[in-house]
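For reference, the structures are reproduced in the following blocks.
Across the two complexes that follow, subunit A remains constant while its partner is subunit B and subsequently subunit C.
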Partner chain A sequence: MSAAPPVAVEPSRGSAERLRLPLALAAALLAGFCITALVSREPLRAYLTLLTGALPEIDWSASGGWQVRRLVRFGSVIEDFITLSFLGLALAVPFRARQFSLGADGQMFLAALAACAVSLALGGPWYRVLPAAAGAAMLTGFAWGLIPGLLKVRYQANEIVTTLMLNLVAVQFYQWIITGYLRDRGAGYLVTPALPAAALWPNLMPHTHVTLMLLLVPAAAAAVQLLLARTTLGYEIRAVGAAPAFARQAGMPVTRAVTLSMALGGVFAGLAGLHLSNALLQRLPVDLTPGLGYDGLVVALLARSEPKSVPLAAFFYAWLRTGALAMERSTDVSREMVLVIEALIILFIVADRLVPPGLPKALRRLWHRSGAGAEAA
Partner chain B sequence: MPMNLTSTAVSPGAEPALIELRGVSKRYANGTLANDDVSFSVRRGEIHAIVGENGAGKSTVMKMLYGLEQPSAGQILLDGAVAQLADPRAAIAAGIGLVPQHLKLVPSFTVAQNIVLGSEPVRGLLLDTERAILEVAALAGRFGLAVEPRARVAGLSIGEQQRVEILKALYRGARLVLMDEPSAVLTPQEAQALFGTLRKLVDGGLTVVLITHKLGEVRDVSDRFTVLRGGRVSGHGDARRVGADELTAMIVGRAVAPLQVARARRADGGALVAVRQLGVRRADGRRALDDISFDIAAGEILGIAGVEGNGQAELAAILGGLCLPGEGQASIDGLVFTGRGVRAARAAGVAAIPEDRLHDGVAADMSITDNLIAADYHKAPLSSFGWLRIDRARTLALQLIARYGVLVSSPDAAIGILSGGNMQKVVLARELLARPRFLVASQPTRGVDIGASQSLRERLVELRDGGAAVLLISSDLDEILALSDRIAVLARGRIVGHFDGGSVSAFDLGPYMTGAREQGGASALLTAPFCGAAEAGYA
Partner chain C sequence: MSAVAMPMAAMGVTVLVAVLRNATPIIFAALGGLISDLAGSINVALEGLMLIAAFFGVIVSVHAAQWFPGLAPWMLPWLGCLAGLAMALVLAAVLALFHLELGADLIVAGIAINLLAAGLTVFLLVAIVGDKGSTAGLNSPSLPSLRMPGLAGLPLLDLLFNGEDGRGQHVLIYAALAGVAAVALFLSRTRWGTWIRAVGENRDAALAAGIPVKRMQYTALLLSGLLAGLGGIYLSMGYLTLFQANMTAGRGFLALAAIFLGRRRPAGTFAAAVLFGATASMAAWLGARHIDTQLVYMLPPLVTIAALVVAGARRRRS
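Then we have the complex of A and B:
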C-alpha cells in the first residue's frame, strides 16, 4: 500500500477569504466609477462627493475659531446606521440557521406601528411609556417572524416566499390602521399624531434625530454575538445552518432552532421599527417607503451574517447612502448611481465562490513580479 | 475520428479488441489510488462483466472509459489505437455510451424527446418532433426494444426507463454500452428481461460492459469477466466456465493481515439490545428492510456483512432514531428506543457513527470543540440554564484530542481541515462521550488510513470489553471478520445468514452476500442457529 499523502488543506482558502471583501468592494467601486464616468461630465468630482460627502467639515477661522459644519449630514449617516444595524442583525440571525427569511421589512412596519400605538395610548412618564413601546415593538417583530418559521417547519413552506408575502400583508395592514384608526385629523396628510415627548428617545445631536438608541446598537450586536456563541440555542442555530444533517444526527431540535432563528431575527427588526417611530420620525406617515428591509439584506450579506461585523457594514452602507444624496445635490449624477453600485456590491459578494481558486496565488505572483520588475527598473 | 491515433502493437492476424486498458492507474487529487495498473480488453460483440466489491475501483474504470475521469498513467486503446477520451463528448463521438445506475431522464419529457435530447433533429430553427418520433420508433424496432415514443417518461416503470437510456446511447451511435449496476434498481423479472434484451443487442453486433457485484450476473449473463479488488485486477476469464467459489475468492480475496482480536464470548447474561421484526419501505414502496431480528449481548460485537445498499443505511437510521420503523422495534434492557427521535434514542444509551462522515458526522466549518459537544451540549456540565459552558467544552476538547490522539494544534480549528482518520477520531470521541450502552458503527474506518483504522478498531473492542453492545456495519469484510463475535449477512433487506465470528471466512460469507446462498428463516438472535456446513450446497 503506497502511503497516501495527508488530505491537502486547501492552501489558498485562508488568503482567498481575507481577500474576498476588499476585492468585492474594490471591484464594485471600480465598476461604479466606470459607469459614473459614462454618465457624468466630471466623474472624478462626482465620485469624490459620493465617497466623502458624508464627512462633517471642520473649519478654522480667526473670527469663529474651530467650527464643525455639515453635522446634519453626518447625523443622517448615524440615523441610517442605527436602522440598518438592527435590520442587518434581523437578517443575520436566520441566515446563520440557513433560513433565507426576508421578512424584516414587514416585521419593522408592524413593530413601528405597535410602538407608535402603545406610545399614543399609554402616555405618562418616559420610564413607563418607553419600555412599553420597546417591548411592544420587539414582541411584534418576534411574532411576525414566528409565523414563517412555523409555516416552514410544519408545512415545509419556503421561507423566501412566505416572508415576502407576509411583508405585503404587513405593509397593507400598517396603512389600513393608520388611515382608519390612528390618523391625526388635524394634519393635512395621512399621518399619526405626533408622539408625546416622553415617548421619544433622548436626543444626542442637535438638529438631527440621533438619539440614545445609538447605544442600543452595540448592545444588540453583542446580544446576538452572545446568543450565537454562548447559548445552547445559538449553538443549535449555528449547527443547523452549518450542517443540517449533522445537527439531526446529533439529536438537536432542528425545527425549534429554525423557527426561533426567524422569530429572534424579528426582535431586531422590531428595534428598527421602534427607532423609526420613537426616534427618527416621531409620528408615522402612511406612505412610509417599504424596502428598507432589503437594505438590511445588503448589510447582513456584507457582514457575512457575523454580528460583530454588522455595525461596520451598516456604517459603510449608511455612509454610501448619505454620500449619494450629496452627490445628487451637488453634481450631475443622480443617486440612482448609488443603487447601481449597491447592486454591484451584492453581485460581487454573492459571486465570491466564483473567484477562481488560483486567483490569490496569481495575484501574489503578480505582486512579486511587479516588485521584481520595479527593482530591475 | 477526432482522436489521436498512434501506431499499435497488435499481433498480426488478431483482430484488435474494441477497447483495451493497458496499465491504467488513477490517483485522485486527494491521494486515493482508485485504480492501480489495470489491464484488460473487451472484445467486439461480447458482454464483459467488471466485478468487484464496493470501492474496488469499478466505477473509476467506468468513468475513465466515458471520459469523466482521466487516467493518471497507462493507456486506453480503441480499435487498437490509443484514444484520448477528454470528456463524455469525445467518448460519445468514439461510440461509447453510458447507462448510469441512477437513471437521468427528464420526467416531464416524452420518450422520444429524452432520446434525442442534445442531438435533436431540426427543421430550420424548429425542433422536428415528428421526425424525432419516427427515428426513435425505427431505432426501437431495429434493436427490438419496445418503447412508446410519445409516452411521458414520468409514467414509465424503472425497467422501461432503463430501455430509454439504452436507446439514448444507441441513438447517439454507441457501439459499446457501459452499464453501471443495471439490475440494482430492477425487480428480478425486470432484470431478467433486461439481460434478455442485452443478449439480443450483442447478437446484433453491440458490445456491452456490465459493471456488477452479483455473481449470478457474471455467470449467467456475461461472456467474459474481469475482477477488480482494491483497485487492481485480481482475476479474469471465461464467465461460463468459472465456478462460484473461484469467483468469490477473486472478489473477496484473502485478508492481508487479519487483525488479531481476542473474542470475549460471554455465555451468561441475555440480550442487552433486542431488535424484533424490524421492517421499513422506501419511498417507492419497495422493501428496504424486512423482518430483521437480532440480539446483541453486553460485551459483544455483531457484524453486519453485505453489499452496500441492501438495507444497511435504513437499519442504521432506524436504530439511531433518525427514521421511524415501518414495523417492529428495538429495545435496550427492555426499554424500546426506536421511533422516538434521535434524542430519545441517545438518552436510552444509543450512539451512532454515521456512514457518511462529511455529511452526517461532522459540521466541516465548525470548530473541533463544537463538533465534539454536538451530542451532549444540552446537558450538564457542558451547559446550564441554556448557557453553554464554553470553558468546560474547550477543556473537554483538549482532553479528548489528547486521549484519542487527534493530530491538530488547537481545538478551535475547523474540523474540515483534518484528515479522514483524525476526523473520525473526533466523531468516535463524541459518540463515546456519553458512555453509550449500544453503539451503531457504520463504516467506521471508511476512507481512513491504516494507522488510524487500527486505533479506531481498538476503541471499538475497548467499548465492547467495557460491556457495551456494538453493531458493526461495514463493507470491509476483513474488518467484519476481525472484530465480530457473531456475523449476520444482510441481502435485499433481510438477514440471509448467521455465523459464528471466530470460525468463518470470507469464502463462507461471499455466496450469501452475493445472493447465491441463503439460510432459510435466518435471524441473529442469541439462540438462533449458525449457518453450518450442513447447509452448504448451492441454491
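Then we have the complex of A and C:
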C-alpha cells in the first residue's frame, strides 16, 4: 500500500495559510492551559514559567552594575536549538519529496556513536580528529537514511514502517556497542570514556555546552535552501514531491530523487548526532533517550518544511522545552505538559480545514473597516 | 508416553503459553490496525491508543472503590477496563475527527496522538499518583484468569489451560484468540466488513455504489481504537498489574509491522504477531543465558524489514 501523501508538509501561501500557524499555536497553548488548570493549584504561574522560564534575567544594582543571570538556562535553549535545527532539516528534506521518512532518531543515534568511536580511536590534534568525527557522523547518517530509500524504490517497502523498524535496530545497536565495547570500566554507570579535549568543538559560552556548532546551523539551513532552489537534484526532489506523476512522465530520475532525499536528510540527522557526542554530552550514556526524532518532526511541520524557517521553529520549540524544565522545577506541573502542547500543535497545524475558508476575508474586511474608521476619526 | 517425551512436551506447552502471553497485546493492536488499514486509513496511533487505555484502566480500577463504595471488588477491574477502552475510543475519535472532518494528514495526526498519549499519561501520573515512573504504589487489580475445571487427569491440557500454578490463563488471552476469528468473520462475512474493505480498495467506486464511505472510515478507526485499547488493558491489568510510563515500548509499531508482514489478512497478521511474541520470549530466554539481549531485540524489526523485501521482490517478479 502507498502511504497517504503528507499534505500539510508542503510549503504553501495564501491568507488562510498565514493565519493558520498563529491560530494553531494559540489554540494549542490555550488547550494546554486548560489541561494544566485541571490539575494544578497554580496554573497561571506554571504557564507563565513555561513561557518565560527560558528568558535570561537582567537586573541592575548600584553595587554590582548590570548583571545577567540565568544565562546557563538560556544556554540550554541554544543547545536544544542546535540539535532541533539539524533534526528539523533532516525531516524537511525527505518531506519535500513527499517521503515520510521518520528515521532521524536512528540516524542520529548511530551517527553519535560513530563520531564518538572515531574521536576515541583516532585522537590527535583537533584538525585531524574533528573533521574525521564530523565525516563519520554525516556518512553514517547518509548510509542509514539510504537504506529505507533503497528499500522503497526497489521493493516498494513502506518507508514509515521501515524507518520505524530501523530506528528500533539502531537504538539496540547503540546500546549493544556501548555496553559491550565502548564502555568506560571506571565509571559507575554504562557510559563511554570522555572524549579527548581535541575532539570537542570550541566553546562559545562559559558554563554551557554551546559550541562553535551553533554557526553550522545557519550554514546547514542555507545549504538545504541552495540545494532545493538552485540544483538539479533539488528541483527533482521538489518536482517528485509536488507532482510525482508529472515527474515520471517528464523522464526525471524519480527513484534517485526519492532515495537521495532520504539519504541527504540523514546527513543532517548525522550532524545532530555529532552535536550530541562531540559538543553537548562529550561522552555517550547507554540510556540516551530515543524520541528526539519526533521533536524534529514538530520542527519540520512548524517550518512547513521550508529550510529558511527551520531554525526559527527550532528556536521556538527549544524555548518551550527549556521553559518546561523551569516549570517542572518551580511548580507542581511536570514537563511532559510540553509533549501534550507539541501534539496539539501538530494536530492543529495539519488540520487543513481548521480555519474556515471565509475567516481571512472577514478579518481583512474588519481590519480595513477599523483602519478606515481610525483615519476618519 | 515415554519418560523423556513428557517433560519435553510440558516444556513445549510452557513455551507456547509464554509466547501467547507476549503476543497478546500485539495481536489486539494488529487486529485493530488491520481493520483501519483495510479501510484505507493507516493507523500509526496504535501505540498511543494502547498507552492511554493501559493508564486509565489502572487509575479507574484503583479509584472506583472510593467513587462507588457499594461495588463488589470483582467489578472494579472491569470498570477500569471499560474506562480504559472508553478513553482509547475517545482518542481514536479525535484522530478520526481531525482526519475526516478537518482534513489532517492521517499519519502526522497519528504521530501527534502518540505524543499526546505519551505526554498526557505521564503528566496525569505525576498529578494523580505523584510518581513519574509507574503506579507501583497503587496496588491495582488484574482482570481475572479463567480456570478450566475437570482437567486433573490430563496433565498436558491442565498445564496448557490452567498453567503451572493452576490458576488458569488470563481472560484477555482467550479474548485475543477469539478476536482473531471474530475479526476474520467480520471482514469476510458481514456487510460492514465488506463495505470497509470496499472503501479501502477503491473509495470512489464505493461512494458510487452507495456505500456510506465516511461512516465506514469512522467505524474502522473506532474499532482499531477499541482493539488497541484491549491490548493496552492487557499490558497493565494482566501482563503486569501496574502502569509504567511508556510501557507499550514500541509494541504499537510492531503491530503495524505485523499487518504488513501478514499481507493484510487476519490469519497472516495473527501469525506475524505470534512471531513477534516469540522473539520477545526468546529475548528473555537468551538474556538469562548471557547472550546480549540487544541483539535479540533487533530480531523483530529485522524480520519485518526482511519480510517487506521478500513481499516486494515477489510482487516485482509477478
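Criterion: the second predicted complex is superposed on the first by the 345 of 377 C-alpha atoms of A that agree within 3 Å, B and C clash if a C-alpha of one lies under 4 Å from a C-alpha of the other, contacts with A are read in each partner's own complex, and residues count from 1 in each chain.
One rule holds for everything that comes next: contacts are C-beta pairs under 8 Å (C-beta built on N, C-alpha and C of every residue); 3 or more make two chains touch, one makes a residue touch a chain.
Everything numeric here is computed off the predicted structure, so don't read it as measured data.
Chemist: Determine, under the contact definition given at the top, whether A:339 touches first (subunit B), second (subunit C), both, or neither.
Modeler: second
Chemist: Between subunit B and subunit C, whom does A:159 touch in the aligned arrangement: first, second, both, or neither?
Modeler: Touch partners of A:159: none, neither subunit B nor subunit C.
Chemist: Tell me which partner A:230 touches in the superposition: subunit B (first), subunit C (second), both or neither.
Modeler: It touches subunit B, and subunit C stays clear.
Chemist: Identify the partner contact of A:79: answer first if only subunit B is touched, second if only subunit C is, both if each is, neither if none is.
Modeler: neither
Chemist: More residues of subunit A are touched by which chain, subunit B or subunit C?
Modeler: Looking at subunit B versus subunit C, the one contacting more residues of subunit A is C.
Chemist: Between subunit B (first) and subunit C (second), which does A:239 come into contact with in this model arrangement: first, second, both, or neither?
Modeler: First partner only, subunit B.
Chemist: Per the contact definition in the header, classify A:248: touching subunit B only (first), subunit C only (second), both, or neither.
Modeler: In the superposition, A:248 touches subunit B alone.
Chemist: With the touch criterion stated at the top, can you tell me which subunit A residues are shared between the subunit B interface and the subunit C interface?
Modeler: In the superposed arrangement, which is not itself an observed complex, subunit A uses residues 1, 4-9 for both subunit B and subunit C.
Chemist: Quick one: in the complex, what on subunit B touches subunit A?
Modeler: The contact residues of subunit B facing subunit A are 29-33, 320-322, 341-343, 345-346, 352, 354, 359-366, 370, 373-375, 377-378, 383, 386-388, 390, 417-420, 430, 449-450.
Chemist: Note which residues of subunit A are touching subunit C in the complex, please.
Modeler: Against subunit C, the touching part of subunit A is residues 1, 3-9, 35, 39-40, 100, 102, 151, 154-158, 160-162, 164-166, 168-169, 172-173, 175-176, 179-180, 294, 297, 301, 332-334, 336-340, 342-344, 346-347, 350-354.
Chemist: For a test of understanding, state which residues of subunit A touch subunit B in their complex under the given definition.
Modeler: Listed in rising order, the residues are 1-2, 4-9, 229-235, 238-239, 242-243, 245-253.
Chemist: In the complex, go through subunit C and note every residue touching subunit A.
Modeler: Those in contact with subunit A are residues 37, 42, 44, 94, 98, 101-109, 111-116, 118-120, 122-124, 126-128, 132, 250, 253, 256-257, 260, 264, 292, 294-295, 297-298, 300-302, 304-305, 308-309, 311-313, 315-316.
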